[in-house]
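Below, subunit A partners subunit B and then partners subunit C, in two separate complexes.
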Partner chain A sequence: MPRRLAPLQILGLACFVLLLAVPYALPLLGAKFWVNIVAEIMIWSLFAASVNLLFGYTGLLSFGQALYFGFGAYGVALGVDILGLSFWPAVLFGVFVAGACAAITGIFAARLTWHYFAIITVVFSLIFFFVAVGWKSVTGGDDGRPFTVPPVLKVGGVEFTLLDPTFQYYFIMTVVGACFYLMHVILKSPLGYTFIAVRENASRLGLIGYSPYLIRYISFVIAGIFAGVAGVLFALFARYVSAQYLFWTVSGEGVIWALIGGSGTLFGPVLGATFLIVVREELSIYWEHYLFAVGVIVILFVAFAPGGLMGLLTRALDWLAKKPAERTAPEIAKPAPRAKGPGGGP
Partner chain B sequence: MSESILRTEGLTKAFGGLIAVNNVNFTHATGKLHAVIGPNGAGKTTFFNVVSGFFAATSGRVIFQGRDIVGLKPHQISQLGIARTLQVKSVFGGLTVHDNVWIAAQSRTKFLHPFRPATSYRETARRVDQVLDEVGMRDHARELAGNLSYGDVALLEIAIALATDPKLVLLDEPVSGMSPTETERTVAIIKDLARRVNVILIEHDMEVVFGAADVITVMTQGMILCEGSPAEIAKDPRVQEAYLGAPEDEDEAHA
Partner chain C sequence: MPELVVILAINGLIWGLIIALIALGLSIIFGLLDIVNVAHGDFFMVGTVLAWTVISYTGNFWLAFLIVPLIGMLLGCAVERLVIKPIENSPALSIVACFGLSLILQETVRATFGATPKRILDPIGITIPLLGLNYQIYRLFAAAVAIAAIVAFFLFLHKTKFGTWMRAVRQDRETAIALGLPSDRIFLVTFGLGTSMAMLGGVVAAPITSVEFRLGLDVLPLCFMAVIIGGMGNLPGTAAAAVLLAFIEGIITSFTEPTTARIISLVIMSVVLLVRPEGIFARRRT
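On to the complex of A and B.
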């Protein structure tokens, strides 16, 4: 018997199909330019999801995820350009250095919570930002360092490279999709349950025999690795790395995407990143100070819809599923329950 | 008598100049429901906090199953087999009742599998149902712990403690804030529990203490005043003095 899908799952499936169609559909609509924007949105969604893994699930607000994003990006770029690695070894190297950086900084960061945690993560990312800005010969500093992306693989005489936008799009979609699947699996595992438990009540978690520090640390390293994968993808996509991607404002954007999308839900960050990047692309053409609008949006969401876009969407679908007679006006301002259980909402 | 599961030797905890627990030599009466009573500020909860690793002792030893556990972290002490509930009830509010107990039950497996679905652990699920039955909360399994009544939160806390298969349970005012019916139910659960595991109970409800406990230890001002059966304690003039104040103290207050 096939399981009946919830409305949200149907919507998710539809989005997946649309994403699959993007490289062929958008050029037909005369919007070829948007293929790359969608690809970029997927990369930033993964980055926002790594912020969300820490904030929405483990309850740690990191303002330093850009550090691991930057390490991933520099790892792959310098792996190709300086170490002369081919594609896959360079990718693995990028993910590895991001994970290693998270494993070392996490030793200190995971001891802290709340504002102390936020501060230490900013400090770590600033330290490496200034190192990257200053060490121009290697990093290219603020100007950045372009590099040539090697081919992904060669089968017989056919070469697959990211220079082909369609192949690049599917490559990014596959990697991002695999990461989201992995995150889903982790969040549904005993380990994922403890992430949520440490957010809910760390001292209770200690009293039943888990080390809250260790749980936070594991979550921190995993989030760092996901941010690193996003960084690797971004460097490959842009064919360029810059110290700017280590700056704390990049981390801040990740936090905002996760918040607007709905923290504590797997796909909330995707909605948030999509919404705000589309706003940026559309609004910045006409209005130089479009960030002002972003600020207003953030304030409105935090004040009136703490569940984010995902919270609004779930509520709207619930409302539509009811019979018209039972409908009352959706209570937009009422906060959505944070998580329905380990694994959270959708 | 066999070696007691828990005893303390000269246990002292000072906060600056305030000595909350002062040179306490406590021996758990093995196999008995052991209550610790005393007026507010007597150091009962601080005593629990030191035993369970929330605070490091200033001096003295806590011997659990022959091993000094002072300096261990709460999670290490939990793994040795001491479970406790808190005076201010503390559960995972955003999780369901079932998941609260599930996490506690799963804590006895040493490895947190990152890829295996949590729902696939049959043994843990069976244990959760068993514990929820014991405290009569099976019907609440799918409710969010944060939505439970205060009495049910207290019961859930006991369920969480039980799910870790403890050798010793420290209950800190388990029936405070409960209705008479809930109290009766909880006392029955605690009495039943005390037949299988060692229980130390802090409680202000004298009816509960004198009705349930086998042994009572009275603490005042961080020290053990006396210890004995409920009948002995009820008769002890020092206990009445500790709770009600000595006549001469009253005179001084009026002077």
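On to the complex of A and C.
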């Protein structure tokens, strides 16, 4: 007998099918332009998911994920342009560079928690931002550096390149999908549960023999690698890199997407990135100062729906699943009680 | 060229005093409300923009010193009630809310003031010869205003009843509330005061820097550096660190590019964060 699917899983499957249909369905609807936007949303979702892995699971608020995003992007761009690598080696090089950067900075950053962690991640990303701005000959500084993306693979004389929007879409979808699956596996493994444990109570975890530092470090490096993959994809997608992608406001956007979507859930960041990028694309046509609206949306969500879009969605689905007689007004989720000071208390 | 080093060191010192004023606002907000206010730099920026507005409407720069801090107080109180109070219980969410606030402030300025940087003319317009260069008297005046404001702030904190309340809440929030201090009002005034200090800093700095909506993004990291190197919650330490940092950066700038100087001070800051997270001026715990 097949297992009954929860309403949320049915919704997820439906979204997956819709995503598969995008490159064919949207041009039919006369919205070819949106194929690329959906692809971009998937990339930024992965970026937001890396913020969420740290904040939603390990309890570390990073304002510096743009550093690893930027390292991934520069890794692939410079790998192609300066080292003359072909497609796959350049991609691996980009991911490796981002991971190595996270592994080195993580040694220091994972020692800190809370405000101190948030600030040191900003500081690290600012250092490399200024290096990238100053080192114009290699990085292109603020103006950026365009590059030509080599073909992905050749099968019997047929070249697959990212210049074909449909192929590019499926390429991005496959990589992002694989990353989300990997993240799901990690979060459901014993390692993933120790992430949550270190968020909930680091000292108790220490007392039963785990090293909270090591767990934070592992989580930091994994999140850095995922952010790096997002950066690699973005550089390939935009065929361009710029120092601007290392700036802390990019990290801030990732944090906003993760929190608006619902931190601590696997697909919350996807919802958040989708919602805010669609708002951006639709609103910016009519109103140049749409960021004002984004600011208001962020504040309203933080104040009234700390569970984010995912929290609202779960509540709505639960409510629909109940028999009409049992339906009551949904409870408003109360924010968790304040954790006192760095470290999270005893 | 030793003259240039001296001039840049003096400029650094003056800039450091202005940063100290802004960073003190950031520090009391952090110390009392437990909020990492990433919109603080944007309040500074709003201060410079309002100074520009006051000049262009009244033609009188000095009026800005009176009006802008008052607007800052009101704006800060309004923000505390509308944005900060609903999320009092979650420090992480408050960072995100402040990020939203920063977007709102920047876009409001971009929509009304415009995106192109503008300059305010030297309001005194007199220079004095200093080591063979003509040095603006306004810069010395700016330093004097910043020092006066910092002194006034510490006097308020130590000599008035409300200041004592504020220090009590910072030291032990639960006990202070249990003893019946009006925590609600204290939080309101603290946020207003912090905002007012950032905006006063904006007025003082307006004729020295250019006025534009992105200004806050540059100033914010400097303020955070001062707060951290001075020790979170250590107010005299914060002021000293701000002056020291800008002074050192000024000297480094005379040897190399400003970007390199900024990188060096960021590296210093990360070392301090890692080695002495309680700040360089804190007494060693026994």
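In this text, the second predicted complex is superposed on the first by the 331 of 346 C-alpha atoms of A that agree within 3 Å, B and C clash if a C-alpha of one lies under 4 Å from a C-alpha of the other, contacts with A are read in each partner's own complex, and residues count from 1 in each chain.
One rule holds in what follows: contacts are C-beta pairs under 8 Å (C-beta built on N, C-alpha and C of every residue); 3 or more make two chains touch, one makes a residue touch a chain.
As the structure is a computational prediction, the values presented were derived from the model and not from experiment.
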| query | A:R239 contacts which: subunit B (first), subunit C (second), both, neither? | reply | neither
| Should A:F55 be classified as contacting the first partner (subunit B), the second (subunit C), both, or neither? | second
| said: Quick one: is A:F108 in contact with subunit B, with subunit C, with both, or with neither? Answer first, second, both or neither. | reply: second
| Where does A:H184 make contact in the superposed view: on subunit B (first), on subunit C (second), on both, or on neither? | neither
| So which one touches more of the residues on subunit A, subunit B or subunit C? | C
| After lining up the shared chain so the two structures overlap, which partner does A:V122 touch, if you call subunit B first and subunit C second: first, second, both or neither? | second
| said: Taking the superposition on A as described, I'd like to know which of subunit B and subunit C A:I208 touches: first, second, both or neither. | reply: first
| request: Determine where on subunit A the residues touched by subunit B overlap those touched by subunit C, and list them. | output: 337-339
| note | So, in the complex, the side of subunit B touching subunit A is made of residues 52, 54, 73-75, 78-79, 83-84, 86, 90-96, 99, 102-104, 106-109, 112-119, 121, 144, 160-161, 163-164
| query | For the complex, which residues does subunit A have touching subunit B? | reply | 185-186, 188-194, 196-197, 199-201, 203-212, 218, 337-339, 341-342
| said: Show me the residue ranges of subunit A that touch subunit C in the complex, using the header's touch definition. | reply: 55, 61, 63, 108, 111-112, 114-116, 118-120, 122-124, 126-127, 130-131, 133-134, 249, 252, 255-256, 259, 288-289, 291-292, 294-299, 302-304, 306, 335-339
| remark: subunit C residues touching subunit A in their complex are 30, 34, 36, 38, 83, 86-87, 89-97, 99-104, 106-108, 110-111, 217, 221, 224, 228, 232, 257, 259-260, 262-263, 266-267, 269-270, 273-274, 277
